[in-house]
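The structure appears below as structure tokens.
So that you can tell them apart, the chains are marked A, B, C and D in the order they are listed, and the count of residues begins at 1 in each.
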């Protein structure tokens, strides 16, 4: 595969070049110290060196709130809402976020393939960028390197002078066609290491989790957890939702919309007379972590966490999924392996 | 001529807060003529004591939802002075814009929803929805735009969010300001002129009653004083705001959960009419033309004309908002962070003209930046003695009329002051006992 | 079907919630098309004997309030509490954290006997409250939701998750990242995370979620830099009644 | 999975759009429960299995899952028995003949009918649990030759709360059915068995290896019925049960009904008891 050099000074031109082909979504600064994907308006506002965005690109395929249909109460009829595919380039996506998209693909395709998600998703092209792991990233531990280009149409690897650009798919080739760059023949410096790790692979985790249902860590974490649901809502592989009808003030119509929901929220499993199936905060925390490393993983063989570190960074109580998992592994090794 | 009269209006309607009108005349002798304030006190001082300077304005804006912006800005000014926090010119301009929005909305609300039903002989604005839909819609449009100024600049018109000590937590965007500006010119101006027309036709319903009164407001050399200025009295002249206590002199009366005030005489008036009498020279042409059309003249001593003065000043708020937006945009919006590094811990005073008159907040902070003492003097509280004095003068003048008529005249009098009883009761001066 | 007859009432509070009802400039005419407002002291004259829906603002803080709220409950089929004062006691309830005599004396000195007062209570402490519109001031979008539900004859759904949820749905930058201290994690959503959206911290005006982890929240506040007593005051601002008896 | 950035969506479907169906019959069963007959446009078949459910939508109110109560052998329309408990069911209670409701489904796995063929079928239904079980009962009756004995144990809180009273009589009179009914608290007119549903089980004459059991009822019932069945000697692998959770989508996406790794709307609502035993959150 040919490697090109995209010099820092030409990044803006490259963004403009992409814009000439398609709508481009890319990371922008948001607030004082955060980043968020947004449609590119001004190419100079794009930020490729960022730690992580508030939300992943999931928000474009599974919007935080999505109208499923609108209804007319006078005629008792409904109109389906139009689903517009994201025929766009997603620029500056990190490897773990694309992997998360693939996991969502699985969730929305298996058993009952869902048109809403899959239609939005189908035309999207991805231009990835490598990242420098910060204190929260641990995707390396779940098999996703900081320069992992698999699945991308085009990938940019950060080096001192700029980025090494490689096109991986015909779609990617088309995107860079016409943008002249020098070939890059130099070496690839060693990628920066991760600062956080889960020390065992998924098949061992599966075993660990088999034995961890009653571990004390759930209760201990529950003491700190305030149940705000943030960890669910920032997670690129969470996809649970709620559905609610809203009626216009004119009372002659309204709409049905789905909104991101999360299993850490107490009302998520509330039924008759206020009974909550996972009433204990500890049980909810356990459910969340099991969903990332056990329930779906046992069916697919892969962890369902991509190691982006969002849940830990965003948690005001500082709860770390890495610490929880490592604690389980330690306890398992001590209680099960050593005593065997 | 009847010599006995006994009027008791329990929980007067179409005013903010709870008050009763009590008039009692026996054999031609007026025994009682007063507005009894029966609003339950809320003891804000208990809430303020020991709170951080970040919270003072959040708490004091809850004194009153009608005047929440006025309290908030006044509180911020007092806090900033006490802590030595400088604010930028942009901050001052945005605050002035907010005050215009709040004054505009409050004056429109009062004129259309609370006072107009009296002029039209109905009990509320609701019958007007059917009988005068255009007028109601116009009022709603004007109110909406005025509130949108608050929503856009301060996050919420009632209990604003973004104004904090030292600045704003969010600066509006250029696009948002341009949209407000467009609507001010395209919608507000015609609606305002139409309002003046409508009122002109109703102006004869305004009672003709005059009583010589001391008027107190802020006065500034630069503009029509709302955001800041010296204290100015028609009797006593200009006084520095540092002497605000001498310009209020609060005292407790048994018939009121709110304290009363006086300066040169037994009572004085604050509010739109006081501002008009003191500062009409600083109004823009739109407002002065409206004053001409509505027969409002300098040195007006008819309290019923307060409603007219509100409408006149609303025109100024609208036009000056456009000017402020132009200045902000000419200077270029800067994404400033609020300046919250105290340079000292002491006492500060804020004085602002809010819709009902001049409002004072004074705080003393301890070395941790927590409130050690607080004092707030509210416009409606300042007006209460004047309302009682007006009643005492008015009742003998109209004693020939039916009891029903007299009651209506008294109700209209109180409403003309646009009293905000919540405010007057909820914030009382306090020296904390240690 | 006859239009529901609606009354609006106020107790101890700032009347900002009532004002907010007049601030529905774009919807007011629709609202008036669905219901007849028959009693509202702040906006109209007159009183009635029977109501379908009563919207009540303010907390109860004098003996007279108690009598009046019973009267309102008696004449109304559905009673909706409007705003933090009515739902939780609101900022008024902070005075409950200090001996009432002391507070009265501070304000009125030796003339305190003139003005009787009680601890500031939410409506639900005295009468049955059917539904709530939370917030200080009451959240307008929630009012419209409750209103349309009632007009349609269904029970409105009360949100019971944290403000953080709405902050996330809007992809706001967390104000904690700006060095602020926010009560969003245990405050009941429904306002659209209004304050964080405008760059300010949430001060808890909509009350707490139904099973809040107060100790966890306290720990966070202290961790982020508030002294314990300050953390406690922050929490009490809108929730003094809810925190009564909770260990600090 | 990792190499395809574009996903083919040809096979993807509209999962959330209801079909508007007419209420063609309404039969009030008790003060709270009503039986609705629903006819799809053009009399189309729902195509369900006993034990499956549909999502009913009423615009402005939302959606809720309801079991199909009629047997797939009864063609042209289907039935649902609905208990009035809240927002959506209140409005349903006020609906008139001919009005339309939205329907999505059928969803869920249904009863694994094959496992019951050639066996003795024991149905234990408590309260509203009879609504889904009725589908299976009538299915067995309409395919009588495929099954051996049909034993029904049905319990209600009082005789006034008994559902499908006409059919109960028919079953009682039908020599092909062994029908047992009990009420917790009988009125003075009640001459039948009194006591909670578990009291019916010890008296049953069961051919153990031959019996397959299907249980459906309120959450509290399961534990006691299971105890009674086991002390009777019923093997765990011969027990099936139908569970209920709140559901937003019915198609395995929204996550609300998940019990550990299982989605009630996909892997249930009918579970093989040994599968549930491992799920701590299930019962």
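Basically, a contact is a pair of C-beta atoms (placed from the backbone, for glycine too) under 8 Å apart; a residue touches a chain by one contact, two chains touch by 3 or more.
Given the structure is predicted, the values throughout are model-derived calculations rather than measurements.
K.L.:
Which chain's centre, taken as the mean of its Cα atoms, is farthest from the centre of chain B?
P.N.:
In terms of C-alpha centroids, the chain at the greatest distance from chain B is D.
K.L.:
Pick out whichever of the two, A-C or C-D, is joined by more C-beta pairs in contact.
P.N.:
Between A-C and C-D, contacts are more numerous in A-C.
K.L.:
Counting only Cα atoms for the centres, state how far chain B is from chain D in Å.
P.N.:
That gives a centre separation of 65 Å.
K.L.:
Provide the C-alpha centroid distance between chain C and chain D, rounded to the nearest whole angstrom.
P.N.:
It comes to 43 Å between the two C-alpha centres.
K.L.:
Whole-Å distance, chain A centre to chain C centre, using C-alpha means?
P.N.:
Roughly 37 Å separates the two chain centres.
K.L.:
Based only on mean CA positions, could you tell me how far chain A sits from chain B in angstrom?
P.N.:
Those two chain centres are 52 Å apart.
K.L.:
In chain B, which residues are in touch with two or more of the other chains?
P.N.:
none
K.L.:
Among the residues of chain C, which are close enough to touch at least two other chains?
P.N.:
In chain C, 152, 157 touch at least two other chains.
K.L.:
Give the residues of chain D touching no fewer than two other chains, as numbers and ranges.
P.N.:
Within chain D, residues 60-61 contact more than one other chain.
K.L.:
Per the touch rule above, enumerate the chain pairs that touch, sorted by label.
P.N.:
A-C, A-D, B-C, C-D
K.L.:
Of all residues in chain B, which touch chain C in the complex?
P.N.:
For this pair, the touching residues of chain B are 11, 13-17, 39-47, 50-52, 55, 58-59, 62-66, 68, 109, 113-114, 117, 123-126, 129, 136-137, 140-141, 143-144, 147, 154-159, 161-162, 164, 168-170, 252, 254, 257, 422, 426, 428, 430-433.
K.L.:
Where on chain A is chain D touching in the complex?
P.N.:
68-69, 71-73, 76-78, 80, 98-99, 102, 105-116, 118-119, 121-126, 150-153, 169, 171, 213, 239-245, 247, 254, 256, 258, 261, 263, 268-272, 277-278, 283, 287, 290, 294-296, 298-299
K.L.:
Which residues of chain C touch chain B in their complex?
P.N.:
On the chain C side, the touching residues are 11-20, 22-23, 25-26, 28-29, 32, 37, 40-46, 61-62, 65, 90-92, 94-95, 97-98, 102-109, 111, 114-115, 117, 120, 136-137, 194-195, 197-200, 203, 230, 233-234, 237.
K.L.:
Touching chain A in the complex: which residues of chain C?
P.N.:
27, 30-31, 34, 144-145, 147-149, 151-152, 157, 160-165, 168-174, 176-178, 182, 184-186, 209-213, 215-217, 219-220, 223-224
K.L.:
Across the complex, what residues on chain D touch chain C?
P.N.:
60-61, 86-87, 90-91
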